[in-house]
Amino acid sequence: MSRARFLAGDGRAVVVAIDHPLYSWPCRGLEDREEILRQVSAAGADAVIASYGTIRDLRPAFGKAAPILKLDLTTVTLGSNYPLTEYVPAWTVEDALRLEVEAVLTYVQLGAPFELEALRVAGQVAAACDRHGLTYVCEIMPIECAMYPDPAAPEAIAAASRAGAELGAHVIKTTMPIPATSLADSVACGVPVILAGGALASDRTQLLQQVATAVDQGAAGVAFGRNVWGSRDPAGMVASLCDIVHAGRKAAAQ
Amino acid sequence: MSRARFLAGDGRAVVVAIDHPLYSWPCRGLEDREEILRQVSAAGADAVIASYGTIRDLRPAFGKAAPILKLDLTTVTLGSNYPLTEYVPAWTVEDALRLEVEAVLTYVQLGAPFELEALRVAGQVAAACDRHGLTYVCEIMPIECAMYPDPAAPEAIAAASRAGAELGAHVIKTTMPIPATSLADSVACGVPVILAGGALASDRTQLLQQVATAVDQGAAGVAFGRNVWGSRDPAGMVASLCDIVHAGRKAAAQ
Amino acid sequence: MSRARFLAGDGRAVVVAIDHPLYSWPCRGLEDREEILRQVSAAGADAVIASYGTIRDLRPAFGKAAPILKLDLTTVTLGSNYPLTEYVPAWTVEDALRLEVEAVLTYVQLGAPFELEALRVAGQVAAACDRHGLTYVCEIMPIECAMYPDPAAPEAIAAASRAGAELGAHVIKTTMPIPATSLADSVACGVPVILAGGALASDRTQLLQQVATAVDQGAAGVAFGRNVWGSRDPAGMVASLCDIVHAGRKAAAQ
Amino acid sequence: MSRARFLAGDGRAVVVAIDHPLYSWPCRGLEDREEILRQVSAAGADAVIASYGTIRDLRPAFGKAAPILKLDLTTVTLGSNYPLTEYVPAWTVEDALRLEVEAVLTYVQLGAPFELEALRVAGQVAAACDRHGLTYVCEIMPIECAMYPDPAAPEAIAAASRAGAELGAHVIKTTMPIPATSLADSVACGVPVILAGGALASDRTQLLQQVATAVDQGAAGVAFGRNVWGSRDPAGMVASLCDIVHAGRKAAAQ
Amino acid sequence: MSRARFLAGDGRAVVVAIDHPLYSWPCRGLEDREEILRQVSAAGADAVIASYGTIRDLRPAFGKAAPILKLDLTTVTLGSNYPLTEYVPAWTVEDALRLEVEAVLTYVQLGAPFELEALRVAGQVAAACDRHGLTYVCEIMPIECAMYPDPAAPEAIAAASRAGAELGAHVIKTTMPIPATSLADSVACGVPVILAGGALASDRTQLLQQVATAVDQGAAGVAFGRNVWGSRDPAGMVASLCDIVHAGRKAAAQ
């Protein structure tokens, strides 16, 4: 599994997600994409998940952070004509190649009405990435449903991770299970697992502790959005995450 | 963002839209397309949004105005079998290239039942334009819906503008927010924003004042239809708009 | 607009339509396609609208009449599982090229449930014809609906004609407006307009008088089916239509 | 119309259909495809309608009989989740070419919910066959519906035959009209018409008499399934059909 | 029928299926795919059915066992938004070629709402395999429905097998009929038939006896999942199956 090129030498990554404005606005803290990009890349982010327009127009601001192109989109007006989120692919691996991007992402919600089509797209994108030598990040998460009444339960997250591995993902982005100590069941899928951050946490210390636990359990890193750009100091948050995720790297260097 | 070639040297444009007869008739004042085209181009319009047939058959009448090909269409009989407007793409970037047109446009109504498909088309057209070096104008506007009870509210217009930028639009055409002084929130998306005119205004002086305010706030211009061809003197209206939009150009020349 | 090659030197045409048996049978008078083709072409018809099978198998019988390939079809059993007529494309411009046919036709009913898709097909066929140098005849007619309670009203026919021109039709086939003297509003669309004949008229003299009025108003001709092959003397009817439609030609020759 | 290469020198054919097991099982008498193929080809069958798998795997057993590839399929479990038969294309003319088959067939039920799509497929397959020099057999039959309360009525069968000719079929397979003496109305469509056999007849003599009448009326032959492989002596039945269908050939040889 | 290359020299195969985690989790015993693969291939399995990700990432662990790529997928959350299993294709024969896999599989449930589309996909995949020289395994099984109240009835399994043969399958995977002695009716379809194992059997001796009976009746082998990886000793189970399935081979060697 040598494909996930945005992972650092230690096989781990701190990823920042700034794709939110395509489906959710306002995003307090993300008004100025270019500024956020400069801050998080300078602070050591290994990769940034962003939309087509952001990557095309602001590439220099990514610095050393690898852009991860999100290939799908959903409605902007959730709750209006679309009562539920629904993702459809809009861009392709060919678009990623033209933008000189080496990694792409699509989103699968297990338990959602569009699950089957999203799984199909995931399998097709995995194969398309293999054809062209790109990295496919499969963001795959249970939502509350008949099969997963608790979408953060260890077995739900493990099922999502294993499904991602069977689909051909090179990297899996999923939810932090509760408790974080159960992550080993997910990591057993054999593909690097990075954890989403979700809503802005009220207690940063506790959040960072959870990250540390997850990394101890084998997580390959995090992919945080609101907990980075929505925080008081995005650069500081990225630096803290790098300290935890790349702790081994630091230890090795000492 | 050097793609929007129909923008004048000052980065702004006065655009006239004459695509209405494909979905709304009669259009008093637009019976003779060729005559209107000659008048508005002679009066200084930078670009004209038109349908496939108009651009193919009347190209000489565009003069120095750049044609912008509208790629999608809707029903002619709104309220009959189709209770709501719904847009689908009929032409492609390849058609634009064959017509030697350098800019295309599609329409997204945020809050409409066809929003998701329109967003997908927008992303695909943005990428297709990038493949071929064309300019993509994304006309993206909120309509009244659960998320945007007031479709002219500043945050609604800002959300639309930002979504357009994330989609990869080279230019955004959207609604004038109320008040016009709030336009800066939209312009912050980083892509040139031009403003639609909407229904024929009863008070031209007030309309032009709004345009002036919008330009002060950073608007890159206007894209007016009924307020040009439906007015008593289309050429005069275009000239007035040019005076306001290109005021800086005039000032620089003084 | 030099594309409509089946128009005679005076820019007008008498077209006969014999495509009916694909969706309506019996057709009294049209049992023998070959015989009808020989009669109407000998009598001076400029073009004949026919189905794929007819053009492929009976080409010699077209004589000097140009074949116009109808690209779409509908159900044969109207009123059974399909309560309403619905047209879908079955053949392509590539098929027309292989048959060495220079003109194609599709059908749009404004106000029908399939209107939007038919408009999209019309736009795509117009562009495909331009790619290959063929003539696109857009048959576009209002039906009774909320927007057009009277589908023969002058403004309804004018809207249809203008929509056809915006779509990129090279020739428009539409309904005769009532009164026929109002046709100028439709002809103003700038594309040659030819008029459908509809049901078999009980009074041929009156029908021919309407044609004469329409030609005076600028019609480019007629496209008659049942009023030709369903009449007592198809050849005589075609000859009469030619006399009226090409009256200017006759006058010029005198 | 020189395309129907499986017709014998007299322009007629005895066709056997053995495609039934893909949608109906058990088929008493058809358990051993290879044996039936050997029997009917030895007995003089001009062509055999069969599924993709049968033609690919048992080609030598066709002997001198031309294989006709059925391109579409329906459900196996009629009456379960699918209350009605519905046909969709699964194979293409390209598959026929690879199998070195010179004729293909699709099925249209006039009056069925899938009629419109089946007609569209028929038109597309006719054109694809013309592109590649293959023969298209259009199996087109009315079912009981509002327009055809009696699906075996002469005018219903004539409508089906004429529709097939307009679609571009090279050969039409349809139902025997009642009375068989009315077949001339169908044969007037100008394309060779062969007749399906339907359910196993209780009286073979009567069935053969109907065939003789149909041939007298201009039928180009028969396409029988259950009345061949479901009979006591398939080879004998084929021989009897050949005697009737190719009677002129026999007479000419005498 | 020389295509089924994963069959051993005796025309038979012991196949292990480990594709379950893409649609069912947890799978006790299958947590470590690599370990199971090593065990079953060492124990003599002729082939292993697996997902895209597993074949791509763990190829060396297949050893001498041939990978069979399952091309379709279903939902992970059966019973949530999807009340019934539904399979759609996600990968293609081209993906198999790139992975250097020589056999692919798709799944058809006769009696399910997606039956028609699954049959169509089966026919298309069969043809695609023929184009590229791959082996197509059609997993085709009746489920309880109006036509098959008992989905394990001999006539139901025979119908499924025959449908698979008509579709163009090179190998058929289906359910063990009850009684197993009736399998000859299915085997008569002429294509190698291998039998699925279903739920974990409580009595291994009885299960193996059924396999022996089926092989006596002409089965070409088995394709077992849970009864291999869910058993106490997967390697031992595979060895036992090989003894039975390849008994003739052993006898010949003696």
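Should a chain be cited, it is by its letter among A, B, C, D and E, assigned in written order, with residues numbered from 1 in that chain.
Rule of thumb we're sticking to: contacts are C-beta pairs under 8 Å (C-beta built on N, C-alpha and C of every residue); 3 or more make two chains touch, one makes a residue touch a chain.
What you see is a predicted model; the values in this text were computed from it and never measured.
Novice: Using the touch definition from the top, how many steps at minimum link subunit A to subunit D?
Specialist: 2
Novice: Is it true that over half of the residue numbers where subunit D touches subunit E are used by both copies, so same, or is it different?
Specialist: different
Novice: Roughly how far is subunit B from subunit D, going centre to centre by Cα mean, in whole Å?
Specialist: 57
Novice: How far is the middle of subunit B from the middle of subunit C, if each middle is the mean of its Cα atoms, in Å?
Specialist: 36
Novice: Find every residue in subunit D that makes contact with two or more other chains and list them.
Specialist: In subunit D, nothing touches at least two other chains.
Novice: Please classify the inter-chain touch graph. Allowed labels: line, ring, star, complete, other.
Specialist: ring
Novice: Touching subunit B in the complex: which residues of subunit A?
Specialist: Interface residues on the subunit A side: 19, 21-23, 25-26, 31-34, 51-54, 56-57, 73-82, 86, 88-92, 95, 98.
Novice: For the complex, give me every residue of subunit A touching subunit E.
Specialist: Contacts found on subunit A: 1, 110-113, 115-117, 119-120, 122-124, 126-127, 130-131, 142, 145-148, 155, 158-160, 162-169, 188, 190-191.
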